[in-house]
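Encoded as structure tokens, here's the structure I'll be asking about.
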Amino acid sequence: MKFGVVVFPGSNCDVDCYNVVKNVLNKDVNYVWHKERLNDLDEYDCLILPGGFSYGDYLRPGAIARFANAMQGVIEFANKGGLVLGICNGFQVLLEAGLLPGAMQRNKNLKFRCHYSFIRVENSKLPFTLECSEGQVLKIPIAHGDGNYFVDEETLQQMKANDQIVFRYCDEDGNVTEQANPNGSIDNIAGICNKKGNVLGMMPHPERCAEDVLGSTHGKLIFDSIIKYLESRVENAR
Amino acid sequence: MLLVKVYVTLKKGVLDPKGTAVKSSLNSMGFEGVEDVRIGKYMEIKLNIDGREEAAEKVKEMCDKLLANPVIEDYDFEITEV
Amino acid sequence: MLLVKVYVTLKKGVLDPKGTAVKSSLNSMGFEGVEDVRIGKYMEIKLNIDGREEAAEKVKEMCDKLLANPVIEDYDFEITEV
Amino acid sequence: MQDKKLWRQMGLTDKEYERIKEILGREPNYVELGMYGVMWSEHCSYKTSKPVLKRFPVKGPHVLQGPGENAGIVDIGNNLAVAMKIESHNHPSAIEPYQGAATGVGGIIRDIFTMGARPIALLNSLRFGELETERTRYLFEGVISGIADYGNCMGIPTVGGEVYFSDSYAENPLVNAMCVGIIKHDEITRGKAAGIGNPVMLVGARTGRDGIHGASFASEELSEDSEERRPSVQVGDPFMEKLLLEACLELMKTGAVVGIQDLGAAGLTSSSCETASRAGTGIELDVSLVPLREEGMTPYEIMLSESQERMLVIVKKGREEEVRKIFEKWDLTAVTIGRVTDDGMLRVLNGGRVEAEVPADSLAEGAPSFPKESRRPEYLDEATDLDVSCIAVPTDFNKVLLEILGSPNVASKEWVYNQYDYMVRTDTVVQPGSDAAVLRIKGTKKGIALTTDCNGRYCYLNPYTGGAIAVAEAARNLVCSGAKPLAVTDCLNFGNPEKPEIYWQFENCVDGMSKACKILETPVISGNVSFYNETKGRAVYPTPVVGMVGLIKDIEKVTTQSFKNEGDMIVLLGETREEIGGSEYLKVIHGIEKGNPPELNLELEKRVQQCCLEAINFGIINSAHDVSEGGLAVALAECCITGGLGAKIELEKKEIREDALLFGESQSRIILTLSPENHKLLEEIVSKYDVKAEVLGWVSGDSLTIDLIENQNNNRSYRKIINLKVREMEKIWRGKLECIMD
């Protein structure tokens, strides 16, 4: 089982994702350099698009990164059903690349926000959330200036119908309230997936809360889910 | 040399957090009559292309691909000789 | 009702990291002839003021105080009736 | 040149001009004069402060690099070391708060990776006027987002710092940024242009007309479009710097680098002459090879430009291609602009023509330095003349406590640090909001604790004591997290040193700091001086900011300030005296900023700290919090609020005023909690260090209550002087800044 962490110029959570996969989960992981033209990413089982400020987030977050050479490969990989996890800036790249619906805007209060937040698992049947239960509340950090998710009403309804809303900001007890919404996202959306469920984008940072010493291990659930899914896929193939 | 002025604006119906904040700042600074503020981008591109038509085509492509996000933004541009 | 279009641009000589990034992105996407890109802001303000002159004065004040940063930015605006 | 006295416009005195002529044996030309002008400025030459800075203790067994390089370095074991430095960006931030603060952060980060260290943390120490004025709120907001945007984009967590508000900073905000890096012993790189014939390369951003020395305004060299040539504000490009950081660290691993130096103040001039001077060599460079951002720049402008995000790299001859390849990978340009020479000269060519030729050493180190006249300021008599008996003791202490909790100086700084990414790199074990930030060191069991501290009001009222307290408090903050203090980096912010009174403040602060550093065994390994923080004759409070790093042997033993368990015993280490002079209480409640600041007994301070650290290392301490602004009551409230637990406190009525008991700021005090069965162990440690430890009460319930016990005629009577719900205190303390700013 092999993970790839895509590195764009300006990525800065690449090392954190790498560290979690390698040293916390003890799985194989490689950096994938943005200039690589990847015709075949078959060696990977899961690609992570990390957080940070690809190309400085100049113009729009994710807008320039999506034209990086490596993104062609990522798009093909996703279309073939490969698991793609976009975290924070990685989520923004997936939106700009059209792998996920919608767009990101500036946080409602216009400020960068960094703190622990709570999200509710709305769909626990995905490869990314198998180890969670429906309605489970995760304590997980956010750190972004542009996390105000927008999508038009029609698409939103379709997404709901398809169970594409994966995480929503909530309070400690799981209530989805306006107060718990840190950035103004429509419907408190914190994470979504594509129709097939193999591409997940989320603003909160699971890689920042996968070890006890950092104050929460809820982020590990996401990675554990991926591993479990991949393992079972291997099992099934046998 | 051509000078291209590109205006990128938020689509109707898309909330504008920056515009809203600026409007309320203006109001609280005592400016009266400010009914609405929408904030977009203004870009100036120096283009070394002969022929406006070709340029216009190229600029349209730039906008569609990179300069504007079609999910939330519209764009418009003007080309002048300099 | 008046519609005010405000253009805020970086002063000449002031570094424009955004413009630079967009330029090199356009170049590497294969767009030829892009010599320079400068990125500024474009704002549309709906103003409920009678009289353009008064409006112009107010808008100037808004720009000086809030909409532009006089240390590094210039601005310009147009007022139209809507 | 003679008749126009051009040197004066460049900030040089007549005497200095004479000295330059002596050095050169001729008159300097325009470019040369400009280079001397900036290099001999206070900012670059430290000509005024140097003699005083010598008083700092700078040596210690664990110091690997003291002052004199881009950053200081201390050993933390496991072949690892910590590089750190703090620097001011006060003046640029006053003009353009966002860019001023952002480029300040950018500059200090470069100082760290110039040493070969990977930057792992940022801190900042800020001072503004009172938040009542719109201008101050604008500055505050701009500075915070400038710091946030730069650090966040770089992916370096901003883990700590401090913010104070006082009228004295209204016109002169202080913006000091600190960066900390980690490095292996054998990877330390220095800013030396060694090896005759080695190529000198310039890498990173293109050079524009940013921040060119103001003196160029009135010069004759300005041509046609002089309007356009106004020196512009430096704009930061954190994305460029991130690339530069990664490229430089990758490059340094190749062993192709001989020396490297960032381009900060005085740009190409300072980096070239300093690297040559350190190595005892010369440098010849050709400005026509420098990649430019703007057309028609003169050699003068190129040499003095302060465009950000650039580095000067001296590489081993023959390895230029390797270097170029690495920068290309990161989409950066690296060009060879010159070479190291053996004649000790800094020679500036423009194509074939020599534009300047001066001894490098004379630029870097040659500024004539004189101690200044020093005189005790007269204001001191008035300011410390405070008859406490004329100040009425309030009756409603609940109200007083709430009011102090809502003072912007005391209130939670969440509004500030929630705009900073303080978690990226996943090392932040103690987040902002406790006494010190703590980072784990991956691959070891260790951690480091970081803090910045300075109470400018104390320094104003008594520079010596204030300086010493700044050091003591920083160390205490580290100790409260379970760290042993290791070393100091300092940023000395003062008014105009040509005034004898300011110079006196400066000397006394440094003396007080030096004494404390000696006793607490925390040598000064790097620092920065910022003078002329004054407007219309009014100087800021003397503000010698202390940045400190401490080592935590076992990251599992990290302690924070928040109360942890119902039923824990609360103990106060140290002693409360009747000291309300210079306190936040006097300012907030009585509108008085006068009196003598609290006394500091450094020997006692040291024992209290050792005692606390030993108890923490013993594993019996559940929380530790030092008592500072707002005194005992505020410290207790903070422990309650951050822990979400109440406390029942019983205080013996002592021979001191009740307001002093609750809100006085006596030094060398720490609030500890522990499980009651460990009290015996604590007492043993306490007696070993001959420190007082008073049981204050217990962690309990959801309110903070303080009872005063009076013993009269063998009768113990109890009087409740504080009774507040933790929630109520929290609302005010947490919400205050947000309420003012949003």
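Per-chain numbering from 1; labels A, B, C and D assigned in written order.
Operating definition for what follows: a residue touches a chain if its C-beta (ideal position, glycine included) is under 8 Å from a C-beta of that chain, and two chains touch if they have at least 3 such contacts.
As the structure is a prediction and not an experimental result, all values here were calculated from the model.
> Tell me which has more C-beta contacts between its two chains, A-C or A-D.
When A-D is set beside A-C, the one with more contacts is A-D.
> Report, in whole Å, the distance between the mean C-alpha point of subunit B and the mean C-alpha point of subunit C.
One centre to the other, that is 9 Å.
> Please report how many Å separate the Cα centroid of subunit C from that of subunit D, as a whole number.
37
> Send over the residues of subunit C in touch with two or more other chains.
17, 21-22, 25, 29, 39
> Using the touch rule from the top of the page, what residues of subunit A touch 2 or more other chains?
Within subunit A, the residues that touch at least two other chains are 55-56, 58-59, 64, 67, 109.
> Where in subunit D do residues touch two or more other chains at once?
237, 239-240, 331
> So which chains actually touch one another? I want all the pairs, not just one.
A-B, A-C, A-D, B-C, C-D
> How about subunit C: which of its residues touch subunit A in the complex?
It comes out as residues 17-18, 21-22, 25, 28-29, 39.
> If you look only at subunit D, which of its residues touch subunit A in the complex?
145, 148-149, 152-155, 237-240, 242-243, 330-331, 417-426, 428-429, 431, 440, 442, 555, 742
> Per the contact definition, I'd like the list of subunit C residues that touch subunit B in the complex.
Touching subunit B from subunit C are residues 1, 7-9, 19, 22, 25-26, 29, 31-49, 58, 61-62, 65-67.
> Write out the stretch or stretches of subunit A touching subunit B in their complex.
These residues of subunit A touch subunit B: 59-60, 63-64, 67, 95-96, 101-103, 105-110, 148, 150-152, 184.
> Which residues of subunit A touch subunit D in the complex?
9-10, 12-13, 15-16, 19-20, 23, 51-53, 55-58, 109, 111-115, 141, 143, 145, 205, 207-208, 211, 213-215
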